[in-house]
Structure formats: C-alpha cells, structure tokens
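Chain IDs A, B, C, D, E, F, G and H follow the sequence of writing; residue 1 opens each chain.
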Amino acid sequence: MRDLLETVAAGELSPAEAEAELAGYVTGDAGRFDAAREQRRGIPEAIFAAGKTPAQVAELAGTAVETTDRALVTRADDDHVAALESHLGEEYPDATLERRGSSVLAYGPDYERPTLEATVGIVTAGTVDGPVADEAQIVCEDAGATIDRIDDVGVAALDRVLDQADRLREADVLIVAAGREGALPTVIAGLVDTPVIGVPVASGYGHGGDGEAALSGLLQSCTVLSVVNIDAGFVAGAQAALIARAIDHSGE
Amino acid sequence: MRDLLETVAAGELSPAEAEAELAGYVTGDAGRFDAAREQRRGIPEAIFAAGKTPAQVAELAGTAVETTDRALVTRADDDHVAALESHLGEEYPDATLERRGSSVLAYGPDYERPTLEATVGIVTAGTVDGPVADEAQIVCEDAGATIDRIDDVGVAALDRVLDQADRLREADVLIVAAGREGALPTVIAGLVDTPVIGVPVASGYGHGGDGEAALSGLLQSCTVLSVVNIDAGFVAGAQAALIARAIDHSGE
Amino acid sequence: MRDLLETVAAGELSPAEAEAELAGYVTGDAGRFDAAREQRRGIPEAIFAAGKTPAQVAELAGTAVETTDRALVTRADDDHVAALESHLGEEYPDATLERRGSSVLAYGPDYERPTLEATVGIVTAGTVDGPVADEAQIVCEDAGATIDRIDDVGVAALDRVLDQADRLREADVLIVAAGREGALPTVIAGLVDTPVIGVPVASGYGHGGDGEAALSGLLQSCTVLSVVNIDAGFVAGAQAALIARAIDHSGE
Amino acid sequence: MRDLLETVAAGELSPAEAEAELAGYVTGDAGRFDAAREQRRGIPEAIFAAGKTPAQVAELAGTAVETTDRALVTRADDDHVAALESHLGEEYPDATLERRGSSVLAYGPDYERPTLEATVGIVTAGTVDGPVADEAQIVCEDAGATIDRIDDVGVAALDRVLDQADRLREADVLIVAAGREGALPTVIAGLVDTPVIGVPVASGYGHGGDGEAALSGLLQSCTVLSVVNIDAGFVAGAQAALIARAIDHSGE
Amino acid sequence: MRDLLETVAAGELSPAEAEAELAGYVTGDAGRFDAAREQRRGIPEAIFAAGKTPAQVAELAGTAVETTDRALVTRADDDHVAALESHLGEEYPDATLERRGSSVLAYGPDYERPTLEATVGIVTAGTVDGPVADEAQIVCEDAGATIDRIDDVGVAALDRVLDQADRLREADVLIVAAGREGALPTVIAGLVDTPVIGVPVASGYGHGGDGEAALSGLLQSCTVLSVVNIDAGFVAGAQAALIARAIDHSGE
Amino acid sequence: MRDLLETVAAGELSPAEAEAELAGYVTGDAGRFDAAREQRRGIPEAIFAAGKTPAQVAELAGTAVETTDRALVTRADDDHVAALESHLGEEYPDATLERRGSSVLAYGPDYERPTLEATVGIVTAGTVDGPVADEAQIVCEDAGATIDRIDDVGVAALDRVLDQADRLREADVLIVAAGREGALPTVIAGLVDTPVIGVPVASGYGHGGDGEAALSGLLQSCTVLSVVNIDAGFVAGAQAALIARAIDHSGE
Amino acid sequence: MRDLLETVAAGELSPAEAEAELAGYVTGDAGRFDAAREQRRGIPEAIFAAGKTPAQVAELAGTAVETTDRALVTRADDDHVAALESHLGEEYPDATLERRGSSVLAYGPDYERPTLEATVGIVTAGTVDGPVADEAQIVCEDAGATIDRIDDVGVAALDRVLDQADRLREADVLIVAAGREGALPTVIAGLVDTPVIGVPVASGYGHGGDGEAALSGLLQSCTVLSVVNIDAGFVAGAQAALIARAIDHSGE
Amino acid sequence: MRDLLETVAAGELSPAEAEAELAGYVTGDAGRFDAAREQRRGIPEAIFAAGKTPAQVAELAGTAVETTDRALVTRADDDHVAALESHLGEEYPDATLERRGSSVLAYGPDYERPTLEATVGIVTAGTVDGPVADEAQIVCEDAGATIDRIDDVGVAALDRVLDQADRLREADVLIVAAGREGALPTVIAGLVDTPVIGVPVASGYGHGGDGEAALSGLLQSCTVLSVVNIDAGFVAGAQAALIARAIDHSGE
C-alpha cells in the first residue's frame, strides 16, 4: 500500500485510481463507483441514468473512465447525454462516445474490448420492442459476444418465426423481447435446445398493459425460460453475456 | 289470460307453467327461473350450482324441467347431483339425466334437442383444461351444434397444433381453452379466418397463477380474439352457440 | 418462383411485392408487414401507431399500400398523421386517406372494399365511449359490414336503451362500449338473441377507474358476453367483422 | 355515583351494569362491550363472531343481555351458536334467541323492540345474495323498521326488476345486494327517487370474483349510490336503519 | 301529444323541449341529456366534464338550461369553463353562472332553487380535502339543503374534532371527506347518531396513495358508514341530498 | 481454537457448542441456528415454525437450548408443540416450556432472563387482535422489558381509548395492534410523545380484508408511526425490545 | 383565561397566539395549525406542501412561525418556496430560511433548536435515495440529534457496507433508505444491535417499481425492522427523533 | 415409414413408440406426451402432476417410460405416487422409481443417465426453501450435472453466506432459492462472476407473502439475475441444466 500511496503523492496515480485499487470502489459526490465489479462479477458496473441528475451521471461516468477506461450509461435522456459529452469532452478528450438509443458507451484510447467465442441471439416480437433489445445488445457487444439480431417475428404470423428457426438454433444463448401477451419467448423456447432469456416489454394497453401481461405470461410459460423485469434490457444482456462468458471460458 | 287461468283452475296447467307463460319467469323459494330466456336470448337459462344449496339447485332444476322440458346445471358437486337425482327422480320420473364432469343436463321424454348447421371447434392446450372445455361442450351440444374437439395441443411442442391446422380451419367458430401463459389461443387465431373465443383456465401457480396470466395474455393478444372470464366454459360455449346460431339462421 | 423473380428483374414487380408474394410478409427497417394476413386471418393487418415513431408508421403504411392496396392505421396522433400524409402523398399520390378519430384508412385507386350481407350494431353508453366505438366502426366498415350506430343509451335512464330495443334486436352482432361500471352490455345482452361483444372503456376515476371496473364487470356478467381488452375498439370491430363474415359466407 | 355504588354493594346492580352506567362500556375477559352505543350512535353494538372463540362470543353476548337486555351476534357458525345457547340458557334462562342465517338475536323478557315509521326495501339480484340480505334484514327489523323484501330480480331478465318498480318506489330507503357484475343497484337507482345503498356480494369466480367486480362497479356507478364493503349486510342494514330513524324522527 | 307538436310547429316550444317532454331525454350531437332525471331520481343530471370536449360540455349544458332551466357541470377545467361561458352567454344571455372550484352551476332567470328542511354537515380532515367537499357542497346547496361546513379537523390532533362534536351531532346527515389513512369518518361515526357518508380523497403517496388506503379503510370501518368512490364529491352530495329530501318530505 | 477443540475431544463441550463458539452458528439437518444473534443483533434468533416440519422445529429448538440455554418458537401449531415437548423432554429434561398462544419459550435451569428498565405498552383495538399482541408480548418479556397491556380500546367508542390516555403516555414505547381499518394506532400516536409501532392485524373481510386496509392505513397515517407487516407480532415485539434496550443502556 | 384575553385586547398577543394557547391549534383560511403538537407528540407539526397551493403553504408556515417560532415545510416545489420566501419575508423579516432539497425550515431570531444526546445514522443504498434521506435528516437535525450520514453503500458491492460496519454499530438508531429490491436495510439490520427503520424509495421500474418491491421486501425482512411508507423520509426522521429523544431523556 | 409400420404390425414396436417416432409425440386419453422434447429442447418433458388425476399422471408416466425409457413427475402428492407405483409396477416391472420430495423419477433398466462436465450450485436461504431446491436438484441430476448444494445461508447472519463464498465462486451456474424478502440471490450475485438464477419461494405472510415480495425483489435486483416464477424449482433446474449443457458442449 505504501508504494501505491507514494505514486499518488508523486502524482502518477489519481486519488480515485488509488481508492479503486485499495477499496475496489471510488467515492464521489454523486455516489460510489464500483471499479472492481468486472473482476468480481464478470460484468462491469453500468450507470443507470434515470433518476440521477445530468451532473451526477457525468461525474460517475468520468470516474468510470478514469479508473476502468470505460463507462456504460443506460436510460440516458438528452440532458444526460449533453452533460456526458461536455464533461467527458473536457476531462477525457481522448475518449470515444458511442450512443445506441438511450445507452452511451464511452472508452479511452487504450481500452481493449474483450472478445468471447459465443453468439447471443437477440430477437424481438415487434417494432416497439426494439429499444429494449438495443439496450441488451450494447451490453453483449461490450462484453465481446457475437450478436445475431432478428427483428419483428411475432407469433401473429407464425411463418415469420418459423422461417428463422435455423438461425435461432445456432445461437448459444437467446434473448427474446416481447410486449403485449409475450407469447414469442415461449414459442421460441419450444424450438431450440439452448438457454432462452425472456424480456417482457412495456407495451400494450388496458388490463395487463405496460408489460405486466407479458411478465406474468413469461413466468407461467409451459416451456423453460428465465425472465428479467419489464424492459430490463441491461439485465438480460448482462445475464446472456455471463452465460456466453461461461461457454467461452469452458472452451479454453 | 282468462283462458290460461281456467286451464290452471282445471288442473291442466301447473301454476308454475302459467306464471312462465304470463310473466316469462317462475318464482319459487329458491329464486326465479327465467323460462323465457331461450326465446329472448337464444340460449336457455342454466343453473349455476356453486354457492347454492343442493335443495335450491334441485328446486330450480325441477322448475326448469316443468316449464321448459329441460334443465342444465353447471358447477355441480356430488351433493348437488345427488339432490338433483333424488328430486327429479321423484317429481319427473321420465326425465333423463346426462352428466359431463360437473355439468348435468336433464330433459323430459318429449324434449327435442335443436340442431344447427355449424361446427364449433373446441380446443385445449393441456390435460388440465379438459373440464373447462367439457362445460363449453355440453352447452354447444345442447344448442345443437356439431362439435370438433381437439385436445392437448399446447405450444411447447408447436407440431402438435400445426398438425391440426386443417381441422382448425374447418370449424365455423373456435373455443380455445388454455391456462398457464395462455399462448395457444393467440397462435391459433393467427392460423384461421374464423372467430376465436379464448378461455383462460385457472391453472398455473405463483405470480399470474389461477388463470390471471392467461386472462391478461388473451386480452393483450396481438391477434384478434374475444375473451371470457377465467374458467367460464359456459359463457364461451353459449357465445359460440349464438354465433353458430347466427350462421345457421343466415343460411336458411 | 422463377417467373416472379423475372418480373422483379424486369421492374414490373417491386421487391416488396415479390417478398409479399413469396413469404407472405415484407421486411423493412420499421418491421415486417404481414401482407398475407387478410387471406390467412380474414382481416388485414392494421398498424398500431402508439409506441412507434411517425417514420416507422409511415413506412409500414407505405408497404401496406404497396402490397395490399390498402392500409389501416390506428391510435395515430397528429405527428403520425402528418408523417402518413407526407409519405403516402409522395410515394402513392393516388391514394385516398380517410381519418376517423385516431384511425386512418388509406387505399389506392383500384382498391375494392369488400361487402358483407350482415349488420353490426355499435352501441355506446355515453359520450366518452365515442372514440372507442369509432375505432371499431372503421374496422367493420373496412370489412364491408353494414353499421347501425346507437349512441349514449347508458342505463342511468333505462328508457334510453329500452327505446332502442327493436333496433338492437335487428343487428346480426352487437358491439357495446361502456366505461364506468359497464352495466350496459349486460343489460343489452339480456334483451337480444345475437352475439354481443363488450368493450370496456377507460373512463371513470378512483377505484376501478380507467376501465378496470368495466372490464371485471363484463367478465362477471350474469348474461352471455364475450369481451375484449379496455379500449380495444379495433379488436372488437375485427371480431365482429369475422362473425359478420361467417354469417355472410354461410348465406352464400 | 355514590348511590350507584351503594346499589352495587347491596347486590341490586351487577358490577357490569354499574360499569356500563358509569363508563358506557363493560370490560371482561373477552373484550369491552360498548353498552352506550345505541344511545350514542343510534344503533346498538353487534358482536361480530368470526375470528372470536365461541366462549368469547358467548361472554360478550351475556354482557350485552345483562346490560342492554339484548344482544345481536352476526357471522356466527354452529359452534358459536351452541356456545351462545348454552351460556345464555344458563345465565339468562328467560332470554329468547332468534336465529336468521348466521345471525342470532337474543333478548330478555322485558325487551321492547323499537318501531320506526319507515320502510326499508331489501332487494337481491340472485339466490346467492340471500344470506347477505338476511343479515341486513335482521338489523333493520331489530331497529324497528318495516321491511319489504324483494328477491332474485337480477338484470339478465330485465322484466323481473321492472315488474317490481312500484314496490321499489314505495320504500323510504333501499338496500340492493348483488354479486357477479353488480349491475342491479345501478339499474334500480335509476328508477327511484330515494337513497339506495349497494351491497356487493362475494359471488362470481375468476377475475373480479369474490365481490371485487361488484364493488368496483358500484363505486363507478353512473347513478347515485352509496356503498358498503363486500358482504357487509350488517353495515348496510345499520346505515339504512339510521336513515329510517332520521326520517321517522323528522316526522315527529 | 298532438297539442305539444302544435306548440312546436308554432315555435312556442323548441324541438328539444318537446323531446324532453315526450321521451324524457334530449338527443344531440354531444349525447343525450336526461331531462326527466330530477323527477324520476330526485336529483337532476349533472354533466361530468372530464373526458368530454369543451364543445360537448357546452352543448349539453345548453340543452340542460333549455329544458330544465338549470345545468350543473362538474370536473370542468378552464377550457370547459370558457366554452360554457361563451356558449351560454350567446344562447342564454339571461342565465347566471356560479363557479365553485371545478364545478359550475348555471340557471335561468326563472329558476327557483328548491329548499329542504334538513342540514347536511360537510366535514374535511385536511386542507387538501377541500375541493372534494366543495363538489359535494354545490350539489347539496343546489338541492336546497342547509349546509354546515367544518374544515380541517383530522385526527392527528383529536381535540380539533372533539371540539366540534356538538355541531356534528346537530346535522341530519354528514359527509366526511378524508384522504391519507381516512380515519376521520370512522371517528366521527362513533360520535353521532345520524347517517355518515365517507368520501375517500386521492391524497397520500406511496403504498395506498391516491385514496386507495382511505377507501379500503372506510370500507373496513368498525363503525357504521356508507362510502362513495375516491373523490366522488358529487355522489356523496347527491346521496346526502336524497337523504335530506327523504327527511324533509317525511316531515310534511 | 486448539483449547476449544480439546474440550470437544474431552467431551466437555458438544460439537454444536463448539461450532457456535467458532462460527457463530450451528449447522444441522434442519438448518443453521444463529447462536450469535443476540450478541450481534441484541435479540436472539426465534424459530418460525410455520412451514417447517415438527421434527425440524424440534431439532432447531434443541440446538438453541444446547448452545444458548434458551429457545423461542413462534407460529407453532399443536403438532409443533408436541414434537417440541417430546424432543426437549428427552434431550433436555431440565428445560422449562412456557406456551403463550402459538409461541413457546423454552429455557434451561441456568437461564437468566435479562431485565430492562423500560416499559413497553401493548395495546389492542379488539378481541381478535389478542393473539398478535401475545406474540409481541412474549418477545418483550423474554427481553426483560416491563409490559403494560391494554386491550380492546378500538375507536368506535372513543372513550375507551381516551380513558387510558395516562397509561398510554407512561409507556416508553408503544405497540398498537389493530385490524379492520386500523385507525387506533393513528389516534394513539396523536396522544403520546413516545415512539409508536403499528401492527396491522389480518382481520376484516371483503376489500382490504386480511389486514391490507390496516397496513395501508398505517403506512398513510397522518401522524408519526413505524409499521411492521400484517400479524408480525414478533417483529413489533423485537423492535420495541431494541428500543427499550437502547433506552435502558443509555440510562446506565 | 381572562388575563390572556386582556393581553390580546392590549395588542400584546395576536389572536392566533391566543387561540394556540387556549385551543392548542390555530384556525385560518388554509386550515388549522396544530401549535401544541410538539408538546403533545414530541415532534412539531410539519407542513406537507404537495397538494396545497403556494398561498396555503405560506399562510400555514406564517402561523407556525407566529405561534411556535418555527416552521418546517416538506415536499415544497419552487412555487411553494417562492411563496414562502415572499410571505415570510414580509411578515417575519427576522426569520431565517434553510432549504434542503424539497424541505424548508424557517425560524425566528429567538428560536432555540433543541439538542439530544443521541446519534441517528442515516444510510442510503444509492444516489437516487439521497432526497428521501435528506428529508429524514432535516427532521432529525431540527429535533437536535447528531447525524451520521453514510451514502451509497448498496449490496451489489458488499464491501461498501461492510467497510462501514463500525460506524453503523455506533449510531443509536438507524434510518436506511433503499429503492429497487430494498435489500440494504435487511443486511444492515443483521449487523447491528440497535433499532433500524427501513424507508423504501420510489425507484426501480417495471414490476415492483416505484418502491413497491422495496416496501414488500422490508415488510417481509427476515431480520427485525420497522418500516415507513415509500419515500416517507419525514416519518422515518420523526420516528428516529422520538427514539433518540427517549434515549436522551432516559439518560437524564 | 413403411418399415416402421411393419415393425408395429410385427409387434416389435408398440403403437405409442411408432407415433413417437413419426409425430414426435404420443396421444393418449390423458393427453399428448412430447417424446421428442429432449432432442428438440435439450431437456425431456416432465409431467406436472398438480391438477391432473392420479390415473392421468400414471398413464402419462407410462407413456414416457415406454417411449423414452424415463419419466420425471413433479408436484406429485401421495395419491399420484401411489398410482404411479401401481401402474408402473404392473406395466414396467423392471423400472426403478426414485422419489425426492414431491418429485418422482422413473427409468427403465437400460436407461443411461447423461453426464455433463459442469457444476450447478444450488443454494437455499432457509429451511423452508428446501423442497423448491429439491425440485431443481432432481432436474439437474437427471441432466447429468454435478450438484453442489449449500443450505440455509440467509442474510440475517451474513457470515453464513460469506463463509461459503469460495464454494459459490466455483460453481459454473448458481440457483438461489429464497422466500420472504428474497435478498440472498442479490447478495450472492454480487459475489460471483457466473450466471445466477433466482427462485422466489412462497414463504412469508401478510403483504408480499406467498413469494410475491421475493419475486418483485428479484426482478428489481440491483445486480444481474434472471428469475423464474415463485416455487418454479423445475424451471430453474432446467434452465441451469441448459446452461451447464452449453458449457459442457463448448468444451468438447
């Protein structure tokens, strides 16, 4: 520890980097950033922007880039993105920002994205499921998995999904996002011999709307599925990435 | 009316038959029986046994047989059936009783069952949906429709239902009963060009169990379905019979 | 198939038309359009605008017109309508657009609306039920049924509905839209011998508001009703149209 | 107070009677009995048996008879009734017990039932609503109101209720008990110019069963109704009795 | 009827007035106005503005003034009020408009407000319950009852309500509006011997917020209460007015 | 640790006692007993019997007596109690068993119950709240607090609670158990200047029954209350005991 | 009382101060202010701004300052704060205003804040829990307790909370605010021997969002916790202050 | 197919075996058995006994053994087991039956259980979670995975789980079953870098009881988890087995 503190004193290491090294997390005004999460959990911490102020999101993302060379922000609105661009642009001018829907991935020039020998299939039932699938996709890409994205194959026209059966069977793990009655994950899980993660999407209206019908349908599925919360694209993506990682590692 | 009252006075018509003639319903200790319902509503009144005492059910069924030559009792337990058999056996010894699951149909020797030129397809997703489909079936049979019953074609093994696609397309109207996540009515409604009535069944466990997931899934279906309450086999059967009747009449 | 591909190569058939012919659906950036739905399901696909971007709605509607000579868009807000008008005006300048409330029907110059020998009665309990009934009505009109619309006959003043009993009995199938406590569909279903479809409407406030009281009341109705989700005017209209179609065909 | 304590010392007044006189309530092992409730609230305390042991119910009823010459026990099962009969038979051998359904009224030889110049109409939609209406009726009878009971006039056959319109209009206040979708109180409230109290009944099954659909329907009624909890026959009866009492008193 | 039609032909009676006379209601573009409701139901129809367009509200109010010399509009926002003022100002320039919160009462120069010999006490638990109590008050005033309004006597400081016990006991019927946990109606109903109507108010936050805790508390009250829906000031006022009317009439 | 293992080897310490000493908990077939909980948490672990087999409960209680000289079992039915008596009677014949309702306290001959200089007031609204209050009481007694129990002072007769105001103010902390609408904790919390813990009780029926109305009412209380789950007498008692302990310790 | 009224007549005491003295509360247009609450309840009344108009809030705060030299306003938005600043600036120019998040504390120049010899630990699981903890903190500070605030120690990285175990054990009472699944209060309550109050926070999305999952988790906690409503920072702070006060007083 | 039919004709293959070969499923009175599920889905069909009659369960299990040499029955009560033992004992006397809790695994003498090079960790929070974990375990064992079972490490005593951290990190995939507030899966998922599947268990009481609090807590978890329905041990086990299978295959 003495060595580490001396590098701080010498200005070679920022206090945040040192705290990350020693405690595993970094404490700031906007909260603590869990810099050791990837190492401990296999998946780095993401910053959930909804409910935080733009300044808090920007500070947390800055700490993430400073200590782990990378930041992933989800559920960011335009104000969050503006604050991110301004703060990172100032503090980490070399960092690259990629936006996919409401998610932003930022990384420094030396960041090496991992690669996994495994394919995550990401499937949507309809057009409105797209943003949730996008959130899952950025997480899986960030983890280094290969993505096979198949859109708009809802069961109202069964041929749309049956026509994709071969591609579905080739993925190592599948994420299936569906709103309304959420029948698609069940139908797909009956066709493939790989793990399927169902993501209910907050579409629909009236009784069971906002994803509640889809959630309860997925939980009741007569096939084998595991489920994440309504619209939880991040969680589905991270769980799929952990499975992809387990598959990849076992092949070593 | 004078004539009618004279036939009562002469003992040629029972007071109940006369009240049925005059008021359309018959008033007894166990409630009023709506003797005019078939004429007015197209479907005769059924006696819902659950929540009534065996004696009340027996009395109401007796009134039904006395005034309309027929009685249909649903949701009858063994005590209800025993009371029915005893009461009708005593009062209407010529009546025939048919039991299907928890339903009992009783009719007098002169009763002529109607016939309809229309087929109602009745489909179940799994073994536990059988009793609900049975309740729908007895109503449709009683109304004179042809029945095509197709059991246990749940979507976990999609071939089971695709193998029946031609039979499904030949029915004039379909009743599809499904519990758990209730995906089958949606899948079938995507395959046929006829009206489909979905019946959620009170199976499943945990969140969305007891038919609530199936109900909300059917209400949210991305195809065209109309729905009845959980386990409402009678209502589904009666609605299908009214559609069959409309089809039949229009062909006259 | 060779012939078809040659007409594409010759520019006589658009790729979308060819895909519709071969696969039954057309794949675009905004999703897949189910061009074969009318043929398979009896009712053409409608485009549910809520939750989609104006550009997605316009693209899907364009594909619909291109491949089926017709498009029906429901739950469109002003932005959706503007995008529709602009996109279709540019791409299919001959197309006609009809707006009823939040629905838009677009069709090309050669489009022949079907006709059905059957009447759908559409009834509302109060002024606020109008838009939901409108959505049902445009679907039934589009399917070619005759419409008999009866407005504002809620049960608080029973004479309003009893005065219409004869008209109600003359329809082949009835759609009854009601919010608040939803008593009207039950009262009407006790008066007629035809199928009644109840549509709960998201009116009311406090406990059971937003249509939940009406929905549970319709599901619990002591008469024979089938039900669609809260505000599901499209589904009610399409189900009524399928029944009208079955009646019409049987009369052939 | 001295005088009162001396009558206790002299054995002319029981300690319970004295406590009732001084505090308004009597404290025993089974709880406190509110002996002053009739005077303060217009309606004497009733003993709700469900959830209490037979011994507790019997002790509370004994205290009620001792201090107010009367006891009303509701929701009593057979064990409660046996304990009541045994305890009161021993301690108050002159008391009379009247049982109506699950309610028991006990009173001493000197008890004078009050009389009110007002009629409470008590109406049921179906046979299963009977026990709830019975509970309301015993409370109103106990309060001295005239009762007009009209059974089984549910809206599935509208004539049943229209045939009773004149009787309904003659009551000073109406209690209408209905389960399933609970449409009857709304229909009746549209026909009469007197206060209507709706009582939802725990019948029905599936979604909205156990009286929840009826409750939310009554709360959403498009007419003027006040409502009590599901199966709360006692509360409906007591509220009607208070209204009858207000009408009676004002006529003095 | 001939005479009546001749007065129409002669321009002495408007078609709306004639329809009101003959049918009891008047049919317009915005719906049917129940002109006979006061006569039939004891309380005239009110126009619930929420969910209707300003133009619809204004038309219905105009019809009400034309045929019954009076209109009561509830839940009106500023746009509704502006449309009312403009439409009525043009068509019925002699009419007077009174606004209380979100309610508007309009009446013609010859309108005679009824009077009742009965007092309705209207009580609130807190400042936020005021608008709901206002809605009840305008209905009772319109019906001619005397009002005793007692504000902000919630049970957190019990003295506030105990200090008003005598006033509370003097009213003939009480309306008590309370949000949050809704304890006040129960406490008051334990102190008075008159009918109490509880109105849950949509205040509070978190679990049981928006009036649901208050509603369920009032339904479960261990005293005698009847209840209306959350925020249903109109219904509470109308029910209290019907009770006041019954008291008044009986005193004749 | 060597010393400890040697005492085990010498048979002076049982393996369970040694594991408790080393790990803080003891592992058996029926689960792990947290022997260090009192030291860590201030309140010893209790064994919640519901959902466990009698044999599991008996084994866990035996381990508790063996390692901490004491066991508290809650929610025990007769089978649990029989197994407890048999197992403890055999293994720990010197132990004393005390039963209060569904709770059982067992302790060895050397057990010294702690004492606290603080009074916990335990209050019930009605007779049915007794068992929940009993569960709280046994926990507080076991922790050494003085108990002041005040029963059946529900707000329907406000004098019952106002008569106890002085006793209520003298307690250091209050537990108030109430079912139905749960108004009593709010009323009491308005009268005293000490912490009040509200316990909703699963009484009542219909909407908000089984304690849900009381729970939401306590959470919405306009006074200051903290709350535990429905029927959670143990939790309320333990929290009150922790507060009593904090008061007692601070006085040292 | 005569003396008091003479000081009013002499202008030495305002009418509001006199009413506060005599009745314990002050009646104004915006409601009644409970000036005696601190004395009776141990915690002064706070003014909950949400749902009140800015003018009502300002008037109530003015009355509070006038009669108790202090006012605490919670859930104030910018309009409320502006009205407060304007009204108090005019009427009580000597008063000081402190704003923390959505809370405002105002006090006169002679106000002496109490002090308590007790520490309240206030803990958050994440950044979004901050405002709820702030509300609790201002109440505890206002009551004179010492505060130890520990932020952002959610269980996803268990080291964050374990690193604070010693600080957590040193507080006399703990408030733990957590949204999402609300696991932190349970984890902390397993580590300390003092009372823990859990505050569910309205974060999260989908099923169980808006704090409902956290609330039900806290109520089900397998440790000892008491709970307040979702986001009820004020209630948690006030309950902790009452406990701190009891601890402080006992040490006298 | 001709060959196959000839072996049937020759009595070398049963009709059921032939149907399984041709259609993939076998149709009997008790429903269709999906004999091809293992091949298609990776996990063989299990027979869910709850809701089926003992005879139905026995017939389906017989068909499973006949066509796949193995049957797994879950949620079997004593009657189901008796019927299984009797039917299989008669028809397949060589079959072995293994019972674990409410699950029964039956297999013929030639059945070769698969083996997977992967470890599934199965963890419970408390004693009552055991049966749900047992159901998961039998499925994983049947699929050939290595099981590491860790019981009763709930978070009330955090050391219990921290003491197992190394074992937890060594599993390839984890199933964590927890009732009440369900905090354990979240705590474990923060400690390991492998996929965690949370199973909410129907324990607890009051609000959020029967597993609903645990389910919503798992869905809201601030870590990465996927979830199955309440008590869905079979689904959790099958999903874990599919992941184990993917890991195993990738290592080939």
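Just so we're on the same page, a residue touches a chain if its C-beta (ideal position, glycine included) is under 8 Å from a C-beta of that chain, and two chains touch if they have at least 3 such contacts.
These numbers come from a predicted model, not from an experiment.
A.B. asks: For the two copies chain F and chain G, what is the rotation angle that overlays their Cα atoms, in steps of 5 degrees?
C.D. replies: When the C-alpha atoms are superposed, chain F turns by 180 degrees onto chain G.
A.B. asks: Check F-G, A-B or B-C against E-F and flag the pair whose interface repeats it, over half of the contact pairs matching by residue number.
C.D. replies: A-B
A.B. asks: As a quick test, compute the distance in whole Å between the mean CA positions of chain G and chain H.
C.D. replies: Roughly 50 Å, centre to centre.
A.B. asks: Just curious, how far off is chain F from chain D if you go by their C-alpha centres, in Å?
C.D. replies: 38
A.B. asks: Mark out which residues of chain F touch at least two other chains, giving numbers and ranges.
C.D. replies: Within chain F, residues 40, 126, 156-157, 190-191, 206-208, 212, 215, 219-221, 223, 229-230, 232 contact more than one other chain.
A.B. asks: So which chains end up touching which?
C.D. replies: Every pair of chains in contact is listed here: A-B, A-C, A-G, A-H, B-C, B-D, B-H, C-D, C-E, D-E, D-F, E-F, E-G, F-G, F-H, G-H.
A.B. asks: Mind pulling up the chain E residues that touch chain F in the complex?
C.D. replies: So the residues of chain E in touch with chain F come to 125-126, 154-158, 180-183, 186-187, 190-191, 204, 206-209, 212-223.
A.B. asks: Okay, in this complex, where on chain F does chain D touch?
C.D. replies: Spelled out, the residues of chain F in touch with chain D are 126-128, 151-153, 156-157, 159-160, 163, 203, 205-208.
A.B. asks: For the complex, give me every residue of chain C touching chain B.
C.D. replies: 39-43, 117-118, 172-173, 189-195, 197, 215, 219-221, 223-230, 232, 235-236, 238-239, 242-243, 245-248, 250-251
A.B. asks: Using the touch definition up top, name the residues of chain G that touch chain E in the complex.
C.D. replies: The touching residues are 23-25, 27, 30-32, 34, 36-37, 40, 45, 50-52, 56, 60, 200, 202, 211-212, 215, 229-232.
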